[in-house]
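Each chain gets a letter, A, B, C and D, in the order it is written, and its residues are counted from 1.
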C-alpha cells in the first residue's frame, strides 16, 4: 500500500503514545476546536510562562493523524514564544498545501506529516491542533496576526 | 403561416368587436382573474335572473385570444343556467386539452378556439374568462362542484 | 429472473469505467451520501439542454412551451412514483430545502398572524404559540433537526424528541405527545443506523393529538416502494441525487389542503398572482413555492431516474439491498473487534450499515478501505446526536444500492480485516 | 479581430442545430430569461458525473476528494470572474434564493435578537426595528421586490422605492434616504427596460445614511465586466443559467465581514460546527449558507461557462451586445406604431429591448414572431410594477447575447412588420 507515506511509523508511534496529553489546571486561554465533518475534537490551553514563552496542554479525540499531530505539536510548541509557534503553524499549513518543503528544524517529527498532503480530506485532521494553538495563543497574548 | 388555425377570422372579429363588454351595476358576485404570466385581466360579474338563469357582464384587457374568448363567452353564457354554463366550461377545457371534439351546440363560435390547443401557452388565455365565470357563478349561486 | 442483474446495471453507469487509487476497481459503498448516475439520466438532462432549453412557465415561444411541457411531465412522473398528484409535488434544491420549507411555513404563518397580515385559508394550523411543542427523534439527520431548533429559537416553541433504544430503534414510550404538540418530524430510515421506523405507530400517536407529521424520506424513496396514500403522513421530503437523479433537485410532497394553507417561503418571480409595489398576492401550490427560474433540466433528469428505477421494480431494488445488508451484517459479525451501530439483524432496516472497529478511528478505517478502492463514508454522517447516543465519536458507514453485489460486500469485509492488520489491532 | 465570431460561437451551441415551428431557423432572442448552453458547459457537467461524482465536503474517499476539489475550484473560478475571494461566494439554486438569503438574514437576526438568542458578531447590522426603512426601486424584478415586501410584513419595517423618469431611468430625487434606511436593494440592469443604473450614485446616497446596498446583478454579470471591488456595494446576486451555465445554480457575493455577521437561512447538514439535540453552532461562510448536498455538478458547469466567457472577453461581449442593441433600437424606431419602453438610445443600457405595437397585444406579437422562428418573451417579465408605471399591460421583449447577430435583429424587425400586416394594423 501507498499509505505508508501517510502512516509512517513515527506517526503511528505518536498516535499510540501521545506526548503531553492531558489538560493542565493553569491557563490563560482555552479553546475547543472540532472538525465538523468527522467530529474530531480538541480542547487546548495556553499559559504564558514568566520568560514570555507559552506553555500548552491539551486533550483530544480523533483519528490517528489528528492525534499524532497534536502529540507532535506538544513536542514542538510547548514553551516556545508566540512568534516561533506562529511561524511553525504557518509552515505546516504551507507544507500541507505543498507550497513549502518540510523543514525539520521547525516541525521536528512533524515533517512526517507531509504524506497527508496527498489526501486533501485529511489535511484538516493534521491541522486541527495547530489551528487551535494559534487561536488560543492569540487570545492568551493579545497578539494579532 | 399556420397560425390561421388559431387566428381564424371569427376570432379576430370577436377581438375587434367584442360582444357585451362593459360591467353592469347589478351583480351578486364579482371576480377578478389574472393570467400572472402575461398580465391578462378580467373582471366578471354574475347576477341570477328571476328565471334562475345567470346574467353576466365583464370588462377585460388582454390578447386577442383572451378578448375574443370573453366575447364568445358572453354570447354563450349570458342568461343560461348554472348547469348549462358549467358544462360549457367543462367542454371548452376538454376541447383545449384535445380530450373532446368541438361541439358547436355548446360553444357556438367558441369552436373556432380549437386552434389554440396547438399552443399550450395560449390555452390559459382562452380559458381565463371561462374560469372566471365558473368562479363567479359558484359564488352567486352557492352551488358547488 | 427475480433478482437484479448487477452486471447489466453497472454497464449503465459510466463511473464504473474508471478505477480509483492505484488502479483499483471502484467499490462504491457511499450511495447513502449520493448515488451514482446512469447514462439514461445524463442523456435526458443533456437532451433537455440541447433541444428544448428555455425558462419554463415564462414564455410563449416554442422552446418555452417544450421546456414547460418537459418540466411538468417530469413532475407527473415523479408524483406517480410515490402515488401522489403532480400539483402536490414542490421542487426544491435538495431535501434540506424541502424540510426548511415546512419549518419556515410555521415561522412565516406565525409572524404574519401576529401582525394580522393576509394568510391563506387554513393557515392557523401553522401558527405557533409560545410553548407549543415540536417533536423530532434522536436519530434525525441534521437536516431534520437544525431547522426545527431554529424555528423554536425564533418562536418560543419547544423542541422535544423521541429517544432511542440500545438496539437502535425509536423508543416510542420515551415521550408523550400532548395537546401542545403541533408537528412531529421524523426520518423514515435513519441514514446512520439503517433503522426503518414504524411510521404508522408515530402517525397514530400524532393523530391522537392532532399534530402534523413530516417524514424525511431521503433514505426510503430511493430504496423501497413508497406510497404517500398509504403512509398517512402529511409531508414527505427527499432528494433526487440519492436516487440516481441529478444534484440540485429535491422534492416536497404535501397534502394538497396543507400546501394551499401555507404562506410562501422563498419569494420572487413565477410564484405570484399579482404584484404591486405595495403588496403582492401569490399563486397556488406548487408554484407558490417555486420562486425563480426552476431546475427544469434536473427535473427531467430525475424523471429519467424514476423511469430507470421503475423498470427495475422498487420491490426488487428493496429485496436486492436487503440481501446485501444481510450478507454485510453477517460478514461484520464475523470480524473480531467490529461492532455495528444500529440494528444487527436485517429486520425493519435498510442498507445503511454503520460500525466501529475497536482500536481504530473511523477516519483511519475509511482511509485503508479507500486505498483498496472501497468508498465508504466516515464521520458523524450529519447525525451527530446519534453518535453521542451510542457513545462513539464517529462511525464508518457502508451503504448498498442497485449496482452493488456480493463481491462488494466481500471486499468490505476483507478491507476491514486489512485495516486491522495494518494498524496491528484485532486478532 | 476585435469582434465576436458569431458563426463560430453558434457552432458551440447544439440547440442551433434544430429548427423551430415549420422548419424555421431558430432566432433566439430570449436570453434575458435564460441563455442557451455551449457544449463546453454540458461536457464539464457530464464529466463531473461520469468521473468524479460524490457528495462534496462529506467524504474521505477518492471520489469525494475529487468532487470537493472540483467544486471548490469552480467557486474560485467564479469568484475571480467578479473580482472576489472564493469564500465570499455562496452557491444558491438561483438568484431569487440569493436575494431571499439576504432578506431572511434581516428577519432571522431580528427575531433572534428579540429573544436574546446567540447571533454572530456584528449581526446588529441586520436587526430591524419597527419603522426602519427598506428601499428598492420601481424597476425591480419581482425577485428583488417581493422578498422585501415579505420582510416588511413580518417585521414592521417600511418599504419605500425610488421612482422612475418617463424615459426609463431611476429618479434619484424621488425619495430621500433617512437614518431609518437600513438597506437599499436595486437592480444593476433592468430586465424589462434595459436601463443600466448609476450604482455609484445610489451607493453614495446609501453610504451617507449608513445603509447596506444589495445589487441584483442578474442582467449585468452575464453581459458586461463586473468587478465587486469597484462597485462599492455590499452584496450582489445573480444566476448561472443566464450566463451560459446550467439551471439550478445562483450566486451570492457578500462582503466577508457581512457574511460572517449573518445568521443562517436554510439549515441542515454541512453548515454546522457542532450539533446537540438542544442546540447547534454554525460553520463560517460560505458553508454556513450551503445546507445540504450542494449542486456541485452545476458549479462545475458554471465555471466552464465563466471560462467560455473569459475566452471571448467580457469587454467584447458587452461591445457586441451594444452594437446589436443600437441596431435594434434603430430598426424599431423605423416601424410605425412601435414604441420602445425604456431608454430609446443605446446609452447606459443593456440589450433588453421592450416594446409595444399599437393595436396589438404583446402575446399576439410574440405568437407571430414565434411562427417565424423568433423566440421573444411577452408579458410583464416579472416586473409588473414597471408595466403599470408606463401604462402598458405587458410588453414584447427581445434580448441579445453572444450568439445573436445582425441577421437576428433584421429578422425581429421584419417579424414585427409581418405581425402588423397579419392583424391589419400599422401602415
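Simple rule for what comes next: contacts are C-beta pairs under 8 Å (C-beta built on N, C-alpha and C of every residue); 3 or more make two chains touch, one makes a residue touch a chain.
None of these values were measured; they are calculated from a predicted model.
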item	value
Third chains touching both subunit B and subunit A	C, D
Interface with more contacting C-beta pairs, comparing B-C to B-D	B-D
Subunit A-subunit D separation of Cα centroids, rounded to whole Å	44
Interchain centroid distance [CA atoms averaged], subunit C/subunit D, Å	30
Subunit B and subunit D, separation of their C-alpha mean positions in angstrom	37
Subunit C, residues touching no fewer than two other chains	21, 58-60, 64, 272, 274, 363, 367, 378-379, 384
Per-residue overlap in subunit B, given as positions that touch at least 2 other chains	37-38, 119, 122
In the complex, subunit C residues that touch subunit A	21-22, 361-364, 367-368, 371, 378-380, 384, 387, 393-394, 422-423
Complex interface listing, subunit D residues touching subunit C	14-15, 17-18, 20-21, 26, 28, 30, 33-34, 36-37, 42, 46, 49-51, 53-55, 58-64, 92-97, 99-100, 108, 111-112, 115, 117, 138, 141-147, 149-150, 153-154, 156, 159, 161, 239, 241, 246-250, 264, 266-272, 274-280, 291-298, 363, 366-367, 369-370, 374-379, 382, 384-385, 388
Subunit D residues touching subunit A - in the complex, by the definition given at the top	57-60, 64-65, 68-69, 272-274, 283
Contacting residues of subunit B [partner subunit D, same complex]	1-3, 6-7, 12, 37-41, 61-67, 119, 122, 125
Contact footprint of subunit C on subunit B as seen in their complex	34, 36-38, 119-122
